[in-house]
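Next, two complexes with chain A in common: one pairs it with chain B, the other with chain C.
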Partner chain A sequence: MVHVYKGSLIECDPPTKQFVLWISKQEHFDVIDIDETHLFLQGGDERSMNAIQRRLDELQNENTYSVFDKDVDK
Partner chain B sequence: MKIFEYLSSLSQNELEDLYQDQWTCKAILRTLPPRAKQYILKMLMIDYPIPISSAKEWTSSTSMQTHKEALKKLFDLKIILLNRSYQQSVSDSIRLNPIYQDNIKKSLADMNQTVFTTQKETNKAPTIEALDAFSKSQWEKVLYFLSDEQTKPSPLISELLLTADLTKPDNGSLSITSEGFKFLLKDVYTQIWTLLIVYLNNNTPEKKKDLLTFLFKLSFLQLGKGYLVSNLNDLQKELLMDLKQFGLIYMVSNQSVAFYPTRLIISLTTGKTLSLFQNIAAEREISQKEQGYIILETNYRLYAYTSSSLQISLLSLFVKMLYRLPNLAVGIITRESIRTALIHGITADQIIEFVRHNAHPNAVNNGHPIPDVVAEQIKLWEAERNRIGYTKSVLYNSFPTTDCYNATVKFAQEQDFYIYSNDSNKTLIVNENGNDPIRTFIRRNFG
Partner chain C sequence: MSDSLKRRRTTTSTSSSSKKDYNTWEDYEEDLEDIEIRSGGVKKISLSLEDTLNKGNLKDYSKICQLKVDNKSRPIWVCPDGHIFLETFSPIYKQASDFLVAIAEPVCRPQLIHEFQLTPYSLYAAVSIGLETNDIITVLGRLSKLALPKEIEQFVRQCTQSYGKVKLVLQKNKYFVESAYPEVLEYLLKDSTISSARVKPTLAESVVDPKTGFIVNKGEVVGAQISGGLQANQSLDPVLKNDALMNNLLEEEEDTVDNSDQQFHSFEIDPQHVEEVKKRCIQLDYPMLEEYDFRNDTVNPNLEIDLKPTTMIRPYQEKSLSKMFGNGRARSGIIVLPCGAGKSLSGITAACTVKKSILVLCTSAVSVEQWKYQFKLWSNIEERMISKFTSDSKEKMYTIAGVTITTYTMVAFGGRRSADSLKIMNEIANREWGLVLLDEVHVVPAAMFRKVLTVTKAHCKLGLTATLLREDEKIQDLNFLIGPKLYEANWLDLQKSGFLANVSCSEVWCPMTAEFYQEYLTNDSQSKKKLLYTMNPNKFRACEYLIKFHEQRGDKIIVFSDNVYALKKYATGLGKYFIYGPTSGPERMSILSKFQHDPTVRTIFISKVGDTSIDIPEATVIIQVSSHYGSRRQEAQRLGRILRPKPKSDGLYNAFFYSLVSKDTQEMYYSTKRQQFLIDQGYSFKVISELPGIDDDDKLLFSSKKEQLDLLAQVLGEGEESGNIEKLEEDFDDITRGGSKKQKTVVNRSQGGSLKALSGASGDMSYMEYQSKSNVQHSLFKNRYQGRGK
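Coming up: the complex of A and B.
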């Protein structure tokens, strides 16, 4: 029998997909893994998308090093 | 122009109310593009409807486009009325709006009319330079409220900016929106009209009409002359006080007997200055002053040759300002500074456009108002924030047979519900509208 799920289709690059999968495990989101660049978030609403967006943002911040920003903040 | 957009949005009754006033009619006539002006004058003395086909003879086939634009504008403003005929033998006809026609005729025939009584010559009157400086500083203050979150605007202005969606409340203070940033990039007349239209819409329809009429009248005043406040009615006095805050009107104090119009209000409906006092040299001098001031280097350093706090606080929306010297401010574009701007809803394109628009002439002459590397990097910083795209959708999987899967995908594609599918694990994703039709489709064919 065909299964039907409502939610959001997430489209992104492969590393980001892995990261989203990892977050989903922590936050207990139900995801369906489709392929390298696509994921399906069951019942994905604005709130869970914002949570993912925020975590991604934090990741970006950790991974950037700006000599200049550090200098000025001193 | 902004004012036409606004007037076109009014109903025929509202517009005809406005056309009761001669000055309004004249001001509108003055503001229209040349061709529209010509058509009005062409039809001015004709008191009966003329067939629309004769309007086609007014233009050569090469300038059909401008002809159509002019006519459309006049229809939108309800200056030309179209009579649709419902008989086959009679064609559609057009005529000037009788109220408008009558008032233009009258005002053209009447030679000695004055808008408001002028004050007797005094030596206390402010000079034109003083008026220009006043209106400039006053309007910069308004813009300053937008770009700097620390300043406290006057209640009237902060309310207007809020209603216009140019700022939004943010932890008790106000912060600029993406609309607000676009607003800051526009020319001054569009800015003034944007705020004035919000101001007008805050009033009741009857008051709105009177205020608009008053605004149009003000544009016929002469720069450098004083006009008596005592000849105005209460509503006009009220508006005068508010216009003073925008820098459109100058008064020595709130109790002064005379008010002085500034260049801003006089050129408001024309978009350019019609003042007799101004000559071409002065015009050139002004445009020299207003040219660009930004030099952006490939090392992300930004030099702004300006002493205006407004321009510096504008820049600090997306630049980390470092030093400020008397006529120069130095800043640097960093990931953090761009990020803050992006979070505020300002887009990378807006930032790039802003720098390009205000680039220093020397940078422009070099051919690189903004270095490619910086522009690219700003775009990348923006893209970094949008690494994932998501769409609300419905997913189907565990199809019983490949045939069933293929048929459903084909159906979804035909009906335009299709978003994505993966053949290897037989997964189909469609948009939300597609849910019911596809469910019925599967049930009917394979259920």
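Coming up: the complex of A and C.
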């Protein structure tokens, strides 16, 4: 029997996949683990994809040092 | 706003990445025009600039700042906020750069444009080496493309008018307050503290001004003979005189700098009150410069020491010392030279010039040995005149004049000492030292420093360091504790002239494996997180890959890891030797000598103990596995291990520095932060995101999933403390450990011990605080974590 799900397919590298899985747990997204680099976000729409994208950006920013941070550090 | 910032960044990157050498300004300009025509982007930029102007965020300076007609031949831009930008492709770059180093702090010195900043301290230093307010302003004005901003002129006047006008001179063991300006002395004498400390002149032969009662000396300027037969330069560098254009620019300056016809007025003060007078003068805004007229000091015995005839001093070492002995006297201050550029030789040359009793203070027992070796290597001093004073070896001091080498902790130690060491300590405290050499001044906490400096009576203090930099911004204290920065070398220039190795710096990005990253995300413990990204199997493999690659090339490799767990795991996994805190002295020496002489031992693993002062000239490659958060100093010190000049080999680079970083973790943040100091010195870091062929090599450890999972299980099984970096105790002398034990017994016995020790005010307590910093989160980063939590 064939099941049809509506949603979004996410392709990413293995660590990012872990990250997406981690936030999905917090935000209660329904995710299907396909393989090492693919995830399927069940019922995923633009809003949830944006949320994931935003969290990823936050992670990147956190781990990036910028010379302009100097002032913030002080 | 952020748009314009981005744009600024992109434009700088294009200009610095272009490989072309710009010999003249015209080349550069042509190129610029090319770029502008090609991209057609000029219009856009100016448009958006107007937009921002309308919003009122930026100010339009184009009408205030008028370029001089001949601006092309002038090399610097002076901004109203004290920043100065120097074009390195200008024909008078060398002269302008020498001048700017003397009056301003170098901020960033990459290939084409150097940035400097005027600060009160830098101007203080400028005055102390003999520059005067008007000279600074006129020369700045002449070099500048624009008319000098009024703010700058005001700033320079404000900072220099009072600085350096008064000197404290120790002559024939009497303290004199000296100044070329009698009115300043009169002003000072109005203060009751100072006038009560004054001693009326009694000597008949000294010329006394009848009106004021000041002793008047004709300024006798004899160029100090720096040992080794090199004539010291007076105040400003002779290079300035060579260039015709510069000569023109600086003509006036030389006239005024030459102070041979100047008169010095002075009055004597009571030695008992020197400390109070010094304090009072700072309050009155006339901080006193301290100078030592070692040539005319007949009270203290001379030390027989000279450089060996075979010893060659490099030009920059000579230049730095000429700043110290500029007018025939020795002045206190700090010399900043990169690691591997021969700091010890500079210190020893200074010692050979002063020729009095010398005290050398260093950070560890190992560097005590190395200093002794250096003294014997470069100078003709007799071995019996050198004495070491460490917890293991308490040698008797040579009675007349000699060299004593010890550590900061030994001198600052506040607890009870053994009879031997107490005797030597008393001698150190009672002797009048001609010169105190302070090695690695940046590491010593201020409280300990004050202690050391009050215990030792020294005519002159010379601080040596490679990185005048602390994460806690306490570096400014050194200005008052020792003296101004006398000289700072430019790393890139030294590299170009072959005094430093040509290093290729790279940051290798190692992706986390899925399992490790999952743990990293879900684990709450900071130290576990740290251990997880350090033990990342991909990093391990990258390390092994690089070791293999460089061993095949015939390089000698040092792998640094602050984390002891990782250090042991890596070293035993790869079958290499490793050195860390608990490794005993003889074992260390044997491993190091194997590394130096045994062709089969190409790689060693070292923990934090190898950061400073271990001299391994053979090493050409450094791989950094784990490090101390964002410490810029550590990064620079580690790079320094391979900076000693290497014989030119085939390629462009002859030394390699790799920093392995786990992607998508906090390590990325720290890694970039750590690089900032080196980037400011003109180094650039390449990012390597993939090592070619690493995935095909199954022989590397941890290639299979099973191995990786086993490693993860082991890492998770480790206790909390494994994630922390090593606590270093032998960084300093063993005496601190013994000291804290002794203190305990003191507490038990109700009478013994000073109140100071009981209340924790003794010297080593301040040291303990410093020590604990290494494993407690740094305050800077604490804020960061809190910020993140929100």
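Definition applied: the second predicted complex is superposed on the first by the 67 of 74 C-alpha atoms of A that agree within 3 Å, B and C clash if a C-alpha of one lies under 4 Å from a C-alpha of the other, contacts with A are read in each partner's own complex, and residues count from 1 in each chain.
Methods note: contacts are C-beta pairs under 8 Å (C-beta built on N, C-alpha and C of every residue); 3 or more make two chains touch, one makes a residue touch a chain.
Nothing here was measured: the structure is a model prediction, and the numbers come from that model.
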First, second, both or neither for A:Trp22, with chain B first and chain C second: second
First (chain B), second (chain C), both or neither touched by A:Thr64: both
Which superposed partner A:Gln53 touches (first chain B, second chain C, both, neither): first
Touched chain A residues, chain B compared with chain C: B
Chain B versus chain C as contact partner of A:Pro14, first or second or both or neither: second
Which of chain B and chain C A:Val2 touches, first, second, both or neither: first
Footprint overlap on chain A, where chain B in one structure and chain C in the other make contact: 13, 16, 64, 68-69, 72
List of chain A residues in touch with chain B within their complex: 1-13, 16, 20, 32, 34-35, 38, 40-41, 44, 49, 52-53, 56-57, 60, 64, 66, 68-69, 72
Touching residues on chain A, where the partner in the complex is chain C: 13-19, 21-22, 36, 59, 62-65, 67-69, 72-74
Complex interface listing, chain B residues touching chain A: 320, 322, 332, 334-336, 384-385, 387-400, 404, 419-420, 422, 424-425, 427, 429, 432, 435, 439, 442
Parts of chain C lying in touch with chain A, wherever the complex brings them together: 5, 473, 511-514, 517-518, 521-522, 630, 663-673, 676, 780, 783-784, 787-788
